[in-house]
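Have a look at the structure below, then the notes.
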Amino acid sequence: MLDAKIPSGPLETKWTEYKGHCKLVNPANKRKLEVIVVGTGLAGASAAATLGELGYKVKAFCFQDSPRRAHSIAAQGGINAAKNYQNDGDSIFRLFYDTIKGGDYRAREANVHRLAEVSGNIIDQCVAQGVPFAREYGGLLSNRSFGGTQVQRTFYAAGQTGQQLLIGAYQALERQVALGNVKMYSRHEMLEVVKIDGKARGIIARDLVKGTLERHFGHAVLLCTGGYGNVFYLSTNAMGSNVTAAWKAHKQGAAFANPCFTQIHPTCIPVSGDHQSKLTLMSESLRNDGRIWVPKKKGETRKATEIPEEERDYYLERRYPAFGNLVPRDVASRAAKERCDEGYGVGTSKQAVYLDFADAIVRYGKIEAGKEGKPDLGMDEIIALGKEVVKEKYGNLFDMYEKITGENPYEVPMRIYPAVHYTMGGLWVDYELQTTVPGLYALGEANFSDHGANRLGASALMQGLADGYFVIPYTLGNNLAEEIYSKAVETSHPAFEAAEKEVAARIEKLMSIKGKQSVESFHKRLGKIMWDKCGMARNKEGLQQAIREIQELKKEFWSDVRIPGSIDEMNPELDKANRVADFLELGELMCQDAYNRNESCGGHFREDFQTPDGEALRDDANYMYVAAWEYKGEHEWTLHKEPLVYEVVKPTQRSYK
Amino acid sequence: MEHYNMNLTVKVWRQKNSRAQGNFESYSVKNISSEMSFLEMIDVLNEELIVEGKEPIAFDHDCREGICGQCSMYINGKPHGPWQANTTCQLHMRAFKDGDTIVVEPWRSAAFPVIKDLMVDRSAFDRIVQAGGFVSVNTGNAVDGNSIPINKDAADASFAAAMCIGCGACVAACKNSSAMLFLSAKVAHLALLPQGDPERKTRVMNMVAQMDKEGFGACTNTGACEATCPKEISISNIARLNHEYLRAGLTAEK
Amino acid sequence: MGLTGISLVLFLIVHAGINACVFADLVDPEENGAMFNKAAHFMGSTVLIRITEIGLFAGIILHIVQGLLLTAENKKRRTVGYAVAYTAGSKWYSRSMGLLGTLILLFLILHLYHFWASARFTGRGLEPVTYNGVEMHNMFGLMKATFSEWWVVIVYALGCISLYYHLAHGFQSAFKTLGVHNKRYNAMLSSLGYGFSAVITIVFILMPLSFVMGWVG
């Protein structure tokens, strides 16, 4: 079932060879071929724009009120590219290697190498579009280091890199809309994939304003619908981020790969109460200057500033002296959880650790005093100077923290706690980004291919744009070249009719339950099960229990959910119900996948598989494969394994001590 | 920060759809924590409405971290509520005290018709961008990113304009419902960069024409847009837009 | 709006300058408005200036028409208003340019009736006066007579205060509309705008006040 279609030949020439020999579609034929793009984040907007430029007839869909709202917009830190502008030893190979290693050797070599190859083109393309990247005084692009890599390869636009990149792609998309090459459907949600003769030939979408169902034909369907972190209810994802499109594809035969690989980001603002609706990330870059600690005493009640230095436990520096506060995300997250579980947590909930800038402020203050030629300044003045420097570097993040918590992080340490951030798993795709359903593709976070078990910082933006701008235009053409004889199918075709009927029946069923509990309350309960039993740490019993609980919850949902309003109008509760119903099924599969993977790797940490000192214990002999799950029926999946063959990189145990 | 709980009266604009007549409804919400965000307070109210068998309040929101630009409430006489340089989703209940009455309205502009309750249709902004808010460069056309050095000040100023999140608060705040701050931010973002230069004249002419067609009002420089903008986009961008527009108009060859 | 506004601003400078001639009386009590009357005669008898006057009226009318159209168009852009108005983000006078303009217009009608109509057409209340053998209107005398009544002085003062606020917004707004976006110049123009509005207003108010208080004439 799983043919990754990886081109033969040496790793570094695979993509060149592929491009040199793939089939092409002539311009006259492109005009006759219709492509559906679902989702308008970095992957979707870049794909829709580029395919429109090439001459395909594109229809793009997003559930937000404008394609510019997609959650790619929230990415803060930056985008990696192997440009080696800093002359510090970066290369395509190093970016490839870092990504494979960072992914804990669970990603596919060929895909990752291609990603590294096109990374430079992305920066060029974005600059040409007018993306205002940060620059040096000489007018050239600025770089910073990120996520523990040893080179400076991250391009950025202050703390809003995702926003600027998305607006670049959005503008390219709107240009194609103006030219008539792309038709945009905002406030539309895809609710089914339509298959004809085994191929994806269109979708059923719901106009969220009118509440009506629409049929749309496409010679190919591209899902660029992001990740499924919201299965945890609380995450750094947007409120609307959902798995529905990918899940419908899964139920139509697309295999779902490595669903349990979830990235928990270590530096988020902690939960403040039951009312919490979402979590906010504080950029990873803060760990360059902040020191993480908890009190040495359990159940400490003093304020952070009143705890003397010798009574503080800088646990990351203690446990990982080589990397200290800059260990990778998965390691930092688990260490924070360990301290809080042991009873050393801080804040009212005791589910938080301190991220302290006091040292950095003094250090920067002294440097400034030195620059100004005033070595004899008093401590207060040094601190004042240091605060200015910190403000310049992280001002917008500090402001955001203060707005949310009401505390001034220049005066008291930030409280942080890990939160669900990104999902490495997703629809299984081959080298051409095609799922196991012919004609159905998955791009960006929606697929599984490039990040293995853990994603490095500043790599998500890179992957979304690589897929959309530089990969899909070739691979889609290679497949559509065979479709030039297929005429567009009328949407009165029985397959469309049947699909629409099914969607309508499900919506009606949801509306007719008229139970007592709100959609939100079910989502919260699902999130709690997932976080407690399939979150940062998992174990055999917990996962079994979670599967049972989710199955129960699903039953309860389908018999007691209450959705006010009606079908034929704008009804956000109904939209939410459609999504939560799918999360309930996905959650079960995630637990199943986590249960199956008897090892710890990257974001997947099984308590029953760890080294004596609490580090992740990988099992390359038995689990060096992609777990691709085929949907068989309710609560039933078949596992297909795609072995991961490392021809170039030699897997080793990661160590940060 | 001391936490406290409060009881509030929330007066919300309810409107079934774009054709229906709307009206204000008052709700009382109890035990609201000062740590909640404003939208979480609305979430609590909505949960209560659902349990009571009533229709929850429809409102736009997505990222809830102040960057996507989708949230859009006009709270107590100011777009995005009382805090400066802030979006509704980042407004927290600390801004209010026990016993307060909070009036929540949708963005009001003929160019932003109400879809339902507090949701409005801002697709006019997308159409303004379609009229020219881009650089015409197909994928694959680009030269090396460092081949054109860009003056850092210009790049920074361009970025400051490009920070616009397209939320529409400027239109909602303006007594004329003018979209000039939004439009000028896009024109300035691209006019300040060499990449945007070739299309500079047609861009500004076409975008302004589209803005007028969408039914936004004319700018009278009152400054309300700048004062309410969550990203603090400067009103000097509007002057820059006027400059670009005059320049394009005076030097156009046809 | 901006262009006609700035042309009217230029007119105000000339108007205030000529009228300031009445203060020559403060220096030399024997002067009795001679300088002012001569200046007024020059303005009234020079062909070029009479042609410019047509332009001035055209400017005023155009400014009013533009203002009316702009207000009418902008009013249509918000069909349903807010229950709570947004007032903190802008100055009240920036939002009230139409109202201030209307007050100025009402004042202007009275003002034209008092002086311009007399000098040009009716000759109401005008005595002839001769300097160096040239006979001209004693505009100074007309001012003295007109500003002997307190209600006129108060109406003039209110008109000028409306003008202050109208200018306080209009001056800098005009430059923004004309595309001045340089931050340094904008800061300068902003200070200049407030200063100019204040000086013009004070000069104009001082005239009727000086007559009614007997400081001049």
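Letters are used for the chains, namely A, B and C, taken in the order the chains are written, and counting of residues starts over at 1 for each.
Definition applied: a residue touches a chain if its C-beta (ideal position, glycine included) is under 8 Å from a C-beta of that chain, and two chains touch if they have at least 3 such contacts.
Since the model is a prediction, treat every value here as computed from it, not as a measurement.
Novice: In terms of C-beta pairs in contact, which of A-B and B-C ranks higher?
Specialist: Comparing A-B with B-C, the pair joined by more C-beta contacts is A-B.
Novice: Where centres are the averaged C-alpha coordinates, which chain has the largest centre distance to chain C?
Specialist: Between chain C and the rest, the longest centre separation is with A.
Novice: Would you mind checking which chain's mean C-alpha position lies nearest the centre of all protein C-alpha atoms?
Specialist: Given all protein C-alpha atoms shown, the central chain works out to be B.
Novice: When the C-alpha atoms of chain A and chain C are each averaged to a single point, how far apart are the two points in Å?
Specialist: Taking the average C-alpha coordinate of chain A and of chain C, the gap between them is 64 Å.
Novice: As a quick test, compute the distance in whole Å between the mean CA positions of chain A and chain B.
Specialist: Distance between chain centres: 26 Å.
Novice: Starting from the mean Cα coordinates of chain B and chain C, work out the distance between those two points in Å.
Specialist: Chain centroid spacing, chain B to chain C, equals 39 Å.
Novice: Over in the complex, which chain B residues touch chain C? Could you list them?
Specialist: Its residues touching chain C are 11, 22, 24, 74, 76-79, 103, 105, 108-111, 173, 175-178, 215-228, 235-240, 242-247.
Novice: Which positions of chain A touch chain B when the two form their complex?
Specialist: 46, 49-50, 53, 64-71, 73-74, 83, 85, 120-121, 123-130, 132-141, 157-158, 160, 163-164, 167, 170-172, 174-175, 177-178, 184, 186, 209, 236, 238-240, 272-273, 275-278, 280-281, 400, 403-407, 469-470, 473, 516, 518, 520-521, 562, 564-565, 569-570, 572-573
Novice: Which of the residues in chain B end up touching chain A in this complex?
Specialist: 1, 16-17, 33-37, 39-40, 43-44, 47, 49-51, 53-56, 58, 60-70, 83, 86, 90, 92, 94, 115-116, 119, 121-123, 125-126, 129-131, 133-146, 148-152, 155-156, 158-159, 162-163, 165-166, 189-190, 193, 195-196
Novice: Quick one: which bits of chain C touch chain B in the complex? Just the residue numbers, please.
Specialist: Counting only chain C, the residues touching chain B are 1, 70, 73-74, 76-91, 94-95, 97, 169, 172-173, 175-181, 183, 186.
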